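Report on one structure; see the data block that follows.
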Amino acid sequence: MFNSRKASAGLSSPYVAWMTIFIIVPLLMVFYFGLTDAGGAFTFANVASIASPEHLKSLLLALELSFISTVICFLIAYPLALILAHSRISSQGLIITIFILPMWMNFLLRTMAWMTLLEGTGVINTILSFLHLPTQHIINTPAAIVLGMVYNFLPFMILPLYNAVSRIDPAVIEAARDLGAGRFQTLWKITLPLSAGGIISGVTMVFIPALTTFAISTLLGGSKVLLIGNVIESYFMLSYDVHLGSGLSLVLMVFIIINMVVSAVSDAKEQTD
Amino acid sequence: MARKTFEKIYMAVILVFMYAPIVTMIVLSFNESKSRAKWGGFSMKWYQALFHDSAIMRALWNTLSVALISALIATVIGTVTCVALMGLKSKSRAVIMGITNIPMINADIVTGISLMLLFQVIGFKRGFWTVLISHITFNIPFVMLSVLPRLKQVEPSVYEAAQDLGATKVYAFRKTVLPDIMPGVISGALMAFTMSLDDFIITYFTKGVGFDTLSTKIYASVKKGIQPEIYALSAIIFVTVLLLLFFSDRIPKWANKNKQET
Amino acid sequence: MKGYQRVLSTLVLASVACVFALGGCGSNTSGSAGTGEASASKELVVFNWAEYIDPEVITEFEEETGITVVYEEFSTNEIMYPLLAQDPSAYDVLCPSDYMISKLIEQDMLLELDMEKLPTAREQIGEQYWKESEGFDPGNKYSVPYCWGTVGILYNTTMVDDVVDSWSILWDEKYAGQIYMQDSVRDLLMVPLMMKGYSINTLNENELEEATQMLIDQKPLVQGYFIDQVRDKMIGGEGALGVIYSGEAIFTQRENPDLEYVIPKEGTNVWIDSWVISKEAKNVENAYAWIEFMSRPEIAVRNFEYITYSTPNEGARELIEDEDIKNSEIAFPDLSKYKLETFLYLGEEGDKLYNDYWMRIKSE
């Protein structure tokens, strides 16, 4: 549009060079290290080691916890998105900002705050025992990790859901109601399908970071709960076995690619719709 | 009416969930006692301790430098690339956008270790520069995603007219296209800046000896046991973010006003 | 348009300022990564355990010598090793433990020390500690002892009624959810191995298997696996029993008088952490100066009083004013009373074996 093809190619070349060196090549290195042994010979053993009980357990646990967190995020965020989108408050933008504001605070500080709240002698238990209620011990359990994930990633769910829901034409909803659909039927048949794109991008934005986290499980799990992210971190930072670490990262990438395909398909569908 | 009340309660509960930890930290940052379980009276001593902690101050400085420089470089590269994209065949455009999407979709841990492996293999000493490069890398896509939609709305005719009237390409671009895409450029830069500020995982894998950002420093200190100085730091960061948000909300409006005046 | 230009120019100015500022403080941050220009080096990269020194001692060292110290911390030997291995020239002087030192010696990663340059250390460090060090550093060629100690159980007397004299109390279901264990491979496996009377350096897979199974069985009772945090949790009354280094005992008792430290009757690990210099260190002379400085009795005693880890420095021990601490059973125990064993380096294969068991325990 603004330039000849040749000039455009020239202008984009710094970017292409940069991304090749710092995105493509590093990814190829993960493949290289993941598919070789210490001697440099080709092997599938690193990737296959995901089937060993220790690795498999941590992957399954990560899948389970991130799945639960994603579902909880969705269940919390969807009603909120509906409420926000339908509210007649003039400053909707401000309200949205209030809900995603915690996201702007350092992620480790946010997680650390929960450590303080959940500890045996922490704030929540102090309040509970003050009220003569039984104290709760969820720090250093999988439940604490789910809580940390939900807390950290909830804004990622709220935002796309809100965008999707608020884009639905109110006339469509009205039409459905006029034609005799109940409130629940309208939600199920109209609102949900129409916000599918937002749901998928929200799910993607919560699921992948939750699946691959290692910081949340370190801080809230007391090193008792090992997720696949912790395993990979420990191969890179502790035993420095880059081959095994890269091999396991390749397994993670399978899930990332599945996610990518799902969101690409839904994007494409949305564009043709 | 009952429904309205329910909605309000629902929003309030979520807000409490979101803000309780932050409020707790801010309250604890003024707690004289080191213990989290009891209130020892109001005190500013953790703030003093924080400002005397040279390691944290250096980490703060590193964080800000990396965020600013990486945001700036990413904004320049990202904007230039977006402009270039408009002149490319749709096929090459698709390829470039495909690459752009990789760091957005990829898990941070994979991006982090892949860059760590790269620096390891080419023997690049890890430290300030490797962290900066990594931040630029994951920042560029955010800038592009913010600039591209703006650019697509630009009418090329004005730009062409300016050139027909004898303006050089660069001059015509600066005077006709740039003002239109500027809000996108600025919000992209702000996005990049905050992404860089908040990053822990990629920094963790690409930082070297003697170089820490706030995130990596916090991670290390939390592992050692939480120091009340960190609460003071959280409180300061939260207030700063509030102010930043307030101003970032103001900048486009203020700029718009200026634009109309000139 | 003007508005944008102003915003942009502010951004540009700010980042230019940043670059300049970086240049200023870069000498002790990025510069430490050794761009190689500082030949008459005024710098020293120290890699020590977390909270293992009186910070004022570092300042004093800097003031006295004019050397800028880049001070980095690690929390376990296993975290320290890959960082050093990836970049041996990034660090000058380090303080690993016995078995890690023998691993580093075997892999030719340490500088053979010139003892002529360390007169204070030779004079002040007690004879028995040099002899002890021979176990991992034959001929005392590579290391100078800094701290030593045992590993034991720290318990809260308000929460524990039983007599604590055996590791087996850590398997008592009465204390479920109130037990803290160490988060490093050797220190964790040491507990069941000692309890069963096996060597803590065993390579016998049956014994390791049994120990692993015991730790897996114990897991539901454990509140968390920590390193430095065990101390804070015990002080805060968050747990009844915790496995901890003897050096933390005096400190924790000061903060919370309800805590007691015990070396279990089955015996324990006795360890020494010593200063070593990386073979590829860039600032060797400064590293010698550091070790000498740390070996001065008046400096060593200040470190002792700050971190409360037992010092092998005879002169420093003389300087301790508090008689109770000077003769404390915790800081300076009569080692002949206990069954003790020191960790040995078990070779690449041994490391891998232990690591596999560790992963199994953690992923359970």
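Brief remarks follow.
All chains are identified by letter, namely A, B and C, in their written order; residue positions are counted from 1 within each chain.
We take it that contacts are C-beta pairs under 8 Å (C-beta built on N, C-alpha and C of every residue); 3 or more make two chains touch, one makes a residue touch a chain.
Treat the numbers as computed from the prediction; the structure is a model and nothing was measured.
Pairs B-C and A-C differ in how many C-beta pairs touch across them, and the larger number is found at B-C.
Farthest chain from subunit A (centres taken as the mean of C-alpha atoms): C. Separating the CA-averaged centres of subunit A and subunit B is a span of 18 Å.
Chain centres here are Cα averages; for subunit A and subunit C they lie 36 Å apart.
Touching two or more other chains at once are residues 119, 121 of subunit A. Contact of a single residue of subunit B with at least two other chains is seen at positions 36-37, 120, 223, 226. In subunit C, the residues that touch at least two other chains are 86, 236. Across the complex, subunit C meets subunit A through its residues 78-79, 81-82, 85-86, 177, 183, 219, 222-226, 236-239, 351, 355-356, 359-360, 362-364.
Partner subunit C is touched in their complex by these residues of subunit B: 35-37, 55, 58, 61-62, 64-65, 68-69, 72, 120, 125-129, 179, 182, 186, 189, 208-211, 220, 223-226, 251, 254-259, 262. Touching subunit B in their complex are the following residues of subunit A: 1-5, 7-12, 14-16, 18-27, 29-30, 33, 76, 79-80, 83, 87, 97-99, 101-102, 104-110, 112-117, 119, 121-123, 126, 151, 154, 204, 208-209, 211-212, 214-215, 218-219, 229, 232-233, 236, 242, 245-246, 249, 252-253, 256, 259-260, 263.
Across the complex, subunit B is touched by residues 1-4, 7, 11-12, 14-15, 18-19, 21-22, 25-26, 28-30, 32-34, 45, 47, 50-51, 70-73, 75, 83, 86-87, 90-91, 227-229, 231-232, 236 of subunit C. By the touch criterion given at the top, residues 53-55, 57-58, 119-121, 137, 139-140, 222-224, 226, 231, 234, 237-240 of subunit A touch subunit C in their complex.
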